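There are two complexes below, and they share chain A, which is joined by chain B in the first and by chain C in the second.
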Partner chain A sequence: MKKKMIFSEFFRNNGIVMGSLLFGLVSFWLIFLVILPQISMLDFSFRYNLPPAEQGGPKDVYTLSNYEHLLYGSDSTHQTYNTVDLMVFVRTIIAAMFVTVFNILLCYPMAYFLGQSRGSGFVRLLVVLLIIPYWINEILRAFALKIIFGDSGLLNEVLMFLHLTPQPIDFIRADIALYAGLGYAYILLMLFPMYNVIESLDRNQIEAARDMGASWIRIHRRIVIPHAKPGIASGSTMVFMLSAGALAAPQILGGPSSLWFTQLVYQWFNDSLNWQQGAAYAIVLLISTISIVLVMMKIFRVNMGDIGK
Partner chain B sequence: MTTGVAVDLENVWITFGDFVAVREANVHINGGDFFSFLGPSGCGKTTILRAVSGFLDPSQGNILIGGNNMAGIGPNKRPTALIFQNLALFPLMKIWENISFSMEVAGASAAERRKRADELLDMIALDGQGDKLPSELSGGQKQRVAIARALCANPDVLLLDEPLSALDLKLRQHMRTELREIQQRVGITFIYITHDQGEALTMSDNVAVMKAGIIDQIDTGHTIYDSPSTPFVASFVGENNVFRGKIKEIKGEQALVSTNRSGDLLARITPTQLGKMNVGDDAMMFIRPEALALGKADAASHTTITANVVNEEFEGNVFSVFLEGGGGKSIKMATPNLGQAKISTTGKDLSLHYDANNAVVMPTGELASE
Partner chain C sequence: MKSLNFARIALGAYLLIFFSYLLGPLVVMSMTAFNSASFPSVSPWACFTFEWYEVLWNDTAIRDGIYYSVIIGLGTVALSVSMGLAASIVLTQVWPRIRSTYYTLIIAPILVPGVVLGISTLVFWDRLGTFLGASDGSAVYSLFHNGIFLTILGQSAFIASYCMLVFVARLQRFDPGLTEAALDLGATHTQAFRKILLPFMRPAIASAAVLAFLASFENYNTTTFTIVKYKTLTTVLAQKVRLGINPSISSLAFIIILLTIFGALVFEAVARNKARKEQIKLGRTEEKKGGILPAFMQGNPAAFGFVLLSFIVIVMVGTAQKYDPSQCKIDVREAKKAEAAARMKELREQRLIQDQSDARQGPDIFGAPKTEPEAGQGSGTGAFGNVFDPGNLSDEKAPKSGTGAFGGVFDPTNLDETAPSE
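Let's turn to the complex of A and B:
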C-alpha cells in the first residue's frame, strides 16, 4: 500500500512521460544489467562445459559437478579435498577481512579529524588531495606500488640507507605489497562514508560528554563510534566486497606463490575457457561474501537501511 | 538542599584575535541565585557561559567558583554542568543512560545508575520513561531530561544556554515556572543565558544586561525594568518611549528635561546617575507605554504630552495605541483591555499624562537597535 503511494506520487511529481522514462531506465538497469546477468551466471554454474555443437543437446543437463570440483578437485570418488583451491578461497576471505579491519583503523582517525575540524578550506583541500591519486588508473597505481615495494624500490632504498635492514626485504613475496595495495585501492570507500557520518555528529554532544567528565576514549566509545556505525558498516561492506573481488592488485602485487580467489575465477574463464567452472567459483565467492557481510551486520547490529544511507 | 556556591568574574576579558567578545566583566553571583545574562545575540553572553564552564579560557582576569580560581581547570573537572541550547542529549542512548552518563563516567554500577536515574525521572515527572530513546519524547520532556542529566552529577553550578528557545510559547512559559521551581528545590546556583527578557525577568534573582561585550547593569529584574541605568538597558528591556533633550532644571531626585519636540517634561533621575547630572547636559528620558494614560486636554503640566492618535492595535490583553506628538514624534501607549470597545476615537490634541516617578532620565547613550 505504502509502495503504491510512493509510485503514484513519483508519477504525479514528474509527469507521466518523464516518470515513465526514469522508471524505465531504472528497470532496464536492474533487469538487464543486474538481475539477468546474475541469473545467467547462476545458470552457467550448473552446466557442463560442452563443445558448442553439444550445447542444448541431450548431454546439456544441470549438474553440481562445478561446485564439487571446488570441494574435491578432479577426484571423482570424493575421497580427497581440493585443498589448493579451498586454501586460496579461505586465504582470500581472511585477507579481505584483514584489509577491511586495517582500513577501519586507518580511516577512523582521519575521518574524525576531517569531520570534526569544522569548515576551513584546509579540510576541503585535504579531501581533494586524498582524491587525486584516484584519478590515476587502478592498474597504474598497482604498478607504482610494485615499484615502491620492489627489491631496489624506494622503500627498500630508504630502509637500507637508514641501516634498518642489511639487504632488501622481499615485500612482494611476503604479500605486504599486496595488502598495502588492496588497502590503498579502496581506502576512500571507507573514508568518505565515515567522514560523512562523523561530520553530521553534533559537536555539542562531544562537549556535553566532556562537561560530564568523560575521557577521550569514552567519548569515542559511547558517542562518536555508535554515531559513526552506519558509515563504518557501509565502508566496511564496500571495502570487504571489493577486496575479496579484486583482480588487478593481486595480479600485479601478489607474490609468485600466492593466488587470490578471483585469479582462479579469471583462469577458469580466460585460460581454461571453462566458463561454467568459473561461474561456479564466482557464485561461491559472491554468496560467501554476502553471507559474511550479513552475519557481521547481525553481530554489530546494523540495519540494511543504515548502510544505504 | 545544598547551599549554592558563589561564582565570581573578576575583571574578565575574552578576546578572539582583534575582536573583544567580553570586556572587563566584573560579576558577583550569590550562591543559590538564579542569575541571568540578558542581551541580544552576539553580545558575548554565551562566551561568558563557555568561560565559566571551562570550554574556553578568559584572555585576562579570573573566574572563581566557590572562591576557587578555575584557571587551568578543564570543563570535566569543574563543579559545573552545562545545558546546551540544543540540549545535546545522546540520541543513541536510552533516557536513563543519558541521565546517568556522568555516573557511568565515574564508574558507578549499572544498578546504582539506574536507581539514581529513576529518582531523577521521578523528580521531573517522567517516571517510567527511562527505557525510551530521546527521539520518542516531546520537546518539553527532552528539556526536563537535559535538566535531570545535568543535575545527576550534583553540580554546584548549573549553566543554561538558552535552553527554552526551541520550545513553543505555551511550553516555554510553563518551563519558566518549572525551571524556577527546580532551582529552588535543589538550591544550587543557576546561570541562565537568554535574549528573552520575559525569561530573564520572571525567573531570575538577578539579571546582568549585556551589550556588545559590556555588562551595562546588574540588578534585580524589577530594578532593571523600573530604573535602567543606561539608554541601552532602557530600550532593550521592555518597550520604552525615548525623548531626547537637555536638562533644564534639577529638583532633588527629579529633573526637568527640555525635550526636542515634546516641550518640558519632568522625570526621575535614574539612581546610578543621581548627583552626576548637571543643568545643560544632553539627556534621554524614557516613559514606558503602560505609564501613559489619556486625559483631558491640559497642556500646561510638565507631565503631559500632547499627541494625535495615528493607529490602534488590539493585542488581547492590551490595546497598543500609536500616537504622533509635536514635530512628528511617535509615541506608543499601552492600556489594559478591560472590556472597552475602543480606547480612542481618532482625535486631535489628546493629552497623555504620566507620573514623573514612572519616567526616568539619564545621559544620552546608545539605544538597542530595533
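Let's turn to the complex of A and C:
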C-alpha cells in the first residue's frame, strides 16, 4: 500500500514519460548491472565446474567445494590447510591496511597545509600539480615505479653510486616496489576527501584554541581530526578497497614468489578456466573487505552517507 | 622565532618529499622516452633520441587498443551519464525513509572491487544467455559474449556512481520552484526537464562526461575480465609491461602527461579569464592596456604557461624531424665495444698468468706469450696456432682468449710475427 503511494506520487511529480525514463534507467543500472550480476556470481560460486554438455544435468547441483578449496586445498580429507592461498589472502588484507595507514600519515599534513592556506597562487599551483598524476593511466604509473625500483633501476644506481650498498637491492622481490606502487596509485583518493573537509573547517576555531593555550598536538587531536573524520574515513575506505582489489600494480610490481589475492582470482579465470572457483574467491574478497570496512566504520563511528563526499 | 624557522624547514622538506614521490616517477619515466638504450632507463644515459615515438607510431596493437578504448569510452559516457543523472534526480525525490538505503545502493558500486564487478558482469550475461536458450552462434549469444558490450556495461556499473556524485552536488543548488513554475504555466514534464533542468545541469553533465571518459579509458581491473577477445589500450599496455618492454611505452606516457598538462592549463586559463572578465564587468578592476603580453595572458599565468608549453612542443617536434642521433649511437656502440674489449683483455691477462704458471713446467714456453699482454688485444694464438690465422682475428677484437697449451708447437717462429699485430 505504502509502496504504491510512493510510485504514484513519483509519476505525478515527473509525468509518465520522464517518470518511466528515470525509473527505467535507475532500475536497469541497479538490477541489471549491480544486483543481478552479484547474485549470479554468488550462485555460480556454489556450482561445480562442468563441461557445457553436463550443465543443467543431474550433476549440476550446489556445492561448497569451491570454498573448501580455499580452506583446505585439493586435499579432500580436510587434514591440511591450503596454506598457500590462505597466506596470500591474509597478506593481501594486511598489506592493504598497511598501505591505507601509510597514506593517511603521508596525506594528513598535506591536506591540512592545503586546506588551511587558502587562496594563494602557490597553493593553487600545488593543487594543479597534484591532479596531473591522477589522470595518468594506472598501468603507466606502475611502469614508472618499475623503472625506478628495477634491478638496474634508478634507485639502485643512485644507492650504488653513493656507495650505500655494494650490490643492487632486489626491491621487487622484497615487495617494497609493490607497497610503494599501491600507495602511489591511490594516494590522491586519500588526499582529496581529506582536503575537502579540512578546507571547510573554520579557521577561527583553531585561532580560538591557540589563544586559549592549547598545544599544537591538542589542536589537531580535538579540533582538526574530529572535523576531518568523514574525509579520512572516506579516503581510507577508498584506498583500502582499491588496494585490496588492485590487480595491475601486483601484476607489474609484485615479486615472482608472492601473489596478491586478485591474481589468484585472475588465474582461476584466465589460466585454469575454472570460473566457479574464481567466483568463489572473488566472493570471499568482496565479503571480507566490505565487512572490514563496516567494522572499521562502526569502531570510528562514521556513517555510510559520509563516503563519497 | 627559532621554532618558526624550524617548522618552515620541516614543511619545505615535507612538501619536497611528497611531490617527489608523486611527480618523480613521472619525470623519470618521461626521461627514459628520450634515451636510446633499448631498455627503459635513465642511467647509463646513451643518446638523446626521438626514435621511440616512431616505434610507438608503428605499433598496431597500441593503435587498435586506442581505437577500442575510445569506442568503449563513448559508450560508457552515454550510458553512465544518463544513469547517473536519473539516479541523482530520483535521490532528490525518494521517500525519506528509504533514502539512505537507496543512497547506499547507488554508492556501493564505487566500493566493490573492480575485479568483482568484471567477473560478475561476465558471469551474469553468460548465464542470462544460457537461461534465454541462446545457442552458440546466435545473435544474442554473440552479443552477450561481445567484449565491447560487456565492458561498457561493467564499467558503467561503477562509473555511473561517480557521475551521480557530480550531479548530486549540482542539484543541491537547484531551485525546484523553477520547474513548478514551468509546469504551472502549462509546460509538460518533458518540456520542463528539457528547458529548465537540463540547461541548469549542463556544466555538471560536461564534467561528468569528461570524468566518465577518463575513468573508462584508464580502467584495467574490470576491463581485463570483460574484454574477452578485444584489447583496449590499458590491456595492451599491461601485457607489454608484464612481458618485457622497450621505451616506446615511456613515450606514450610522456604524450599523455603532456596532454594532461595542456588540459589542466587550458582549464585554469579559461577559468581565470572568466573570473577576470566578471571582475571588469562589475567594475572592480580596470582593464589594463599596453602591456607586452596580449590581453588574454594579462595576470593569467596559466595562459602564459599554455603558450610557452605549446611553443616548446612545436620546437621539439621540429627538432625531431631534423635531429639524427645515429652518430651518437655509433659512438656509444664504439664505447661499449671498447669497454667490452678492455674487460676481455683483463680476463685474458688473468688467464694468461694462470696459463704461464701452468705452463712453466711444460716444454713449449717460448717467451712469446709473455710479451703478448703488452701488445694489447693481439694475444691470440689459438690452440692450433696459425691454422685459423690469429692475425685476422685480432684485428676484429673478437673474443679469443688464450694461448693454448700447444700454441707454439706447430709453428713457434710465427708467433713473433703475428703477436704484435698493431
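In this section, the second predicted complex is superposed on the first by the 285 of 309 C-alpha atoms of A that agree within 3 Å, B and C clash if a C-alpha of one lies under 4 Å from a C-alpha of the other, contacts with A are read in each partner's own complex, and residues count from 1 in each chain.
Note that in this section a contact is a pair of C-beta atoms (placed from the backbone, for glycine too) under 8 Å apart; a residue touches a chain by one contact, two chains touch by 3 or more.
Everything quoted here is computed from the prediction, not taken from an experiment.
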Superposed partners chain B and chain C on chain A - clash or fit: fit
Chain B versus chain C as contact partner of A:227, first or second or both or neither: first
Touched partner set for A:208, first chain B, second chain C, both or neither: first
Partner chain(s) touched by A:8 [first = chain B, second = chain C, both, neither]: neither
Comparison of chain B and chain C by chain A residues contacted: C
Touched partner set for A:218, first chain B, second chain C, both or neither: first
Computed vertex angle (chain A) for partners chain B and chain C, CA, steps of 10°: 100
Contacts of A:272 with chain B and chain C, given as first, second, both or neither: neither
Overlay on chain A, chain C to chain B nearest C-alpha distance, Å: 9
Shared chain A surface residues [contacts with chain B and with chain C]: none
In the complex, chain A residues that touch chain B: 202, 204-205, 207-215, 218, 222-223, 226-227
Chain A-facing residues of chain B, complex: 53-55, 74-77, 80-82, 84-86, 88, 90, 92-93, 101-102, 104-106, 149, 153
In the complex, chain C residues that touch chain A: 11, 14-15, 18-19, 21-26, 28-29, 32, 39-43, 82-83, 86-87, 89-90, 93, 95, 100, 103-117, 119-124, 127-128, 130, 153-154, 156-157, 160-161, 165, 188-190, 193, 214, 217-218, 220-221, 224-225, 233-234, 237-238, 241-242, 245, 249-250, 252-253, 256-257, 260-261, 263-264, 268, 301
Residues of chain A touching chain C in the complex: 6, 10, 13-19, 21-23, 25-26, 28-30, 32-34, 36-38, 40-41, 43-44, 55-56, 106, 109-110, 113, 121, 124, 126, 128-133, 135-148, 150, 152-154, 157, 184, 187, 237-238, 241-242, 244-248, 251-252, 262, 265-266, 269, 275, 278-279, 282-283, 285-286, 289-290, 293, 304-305, 307-308
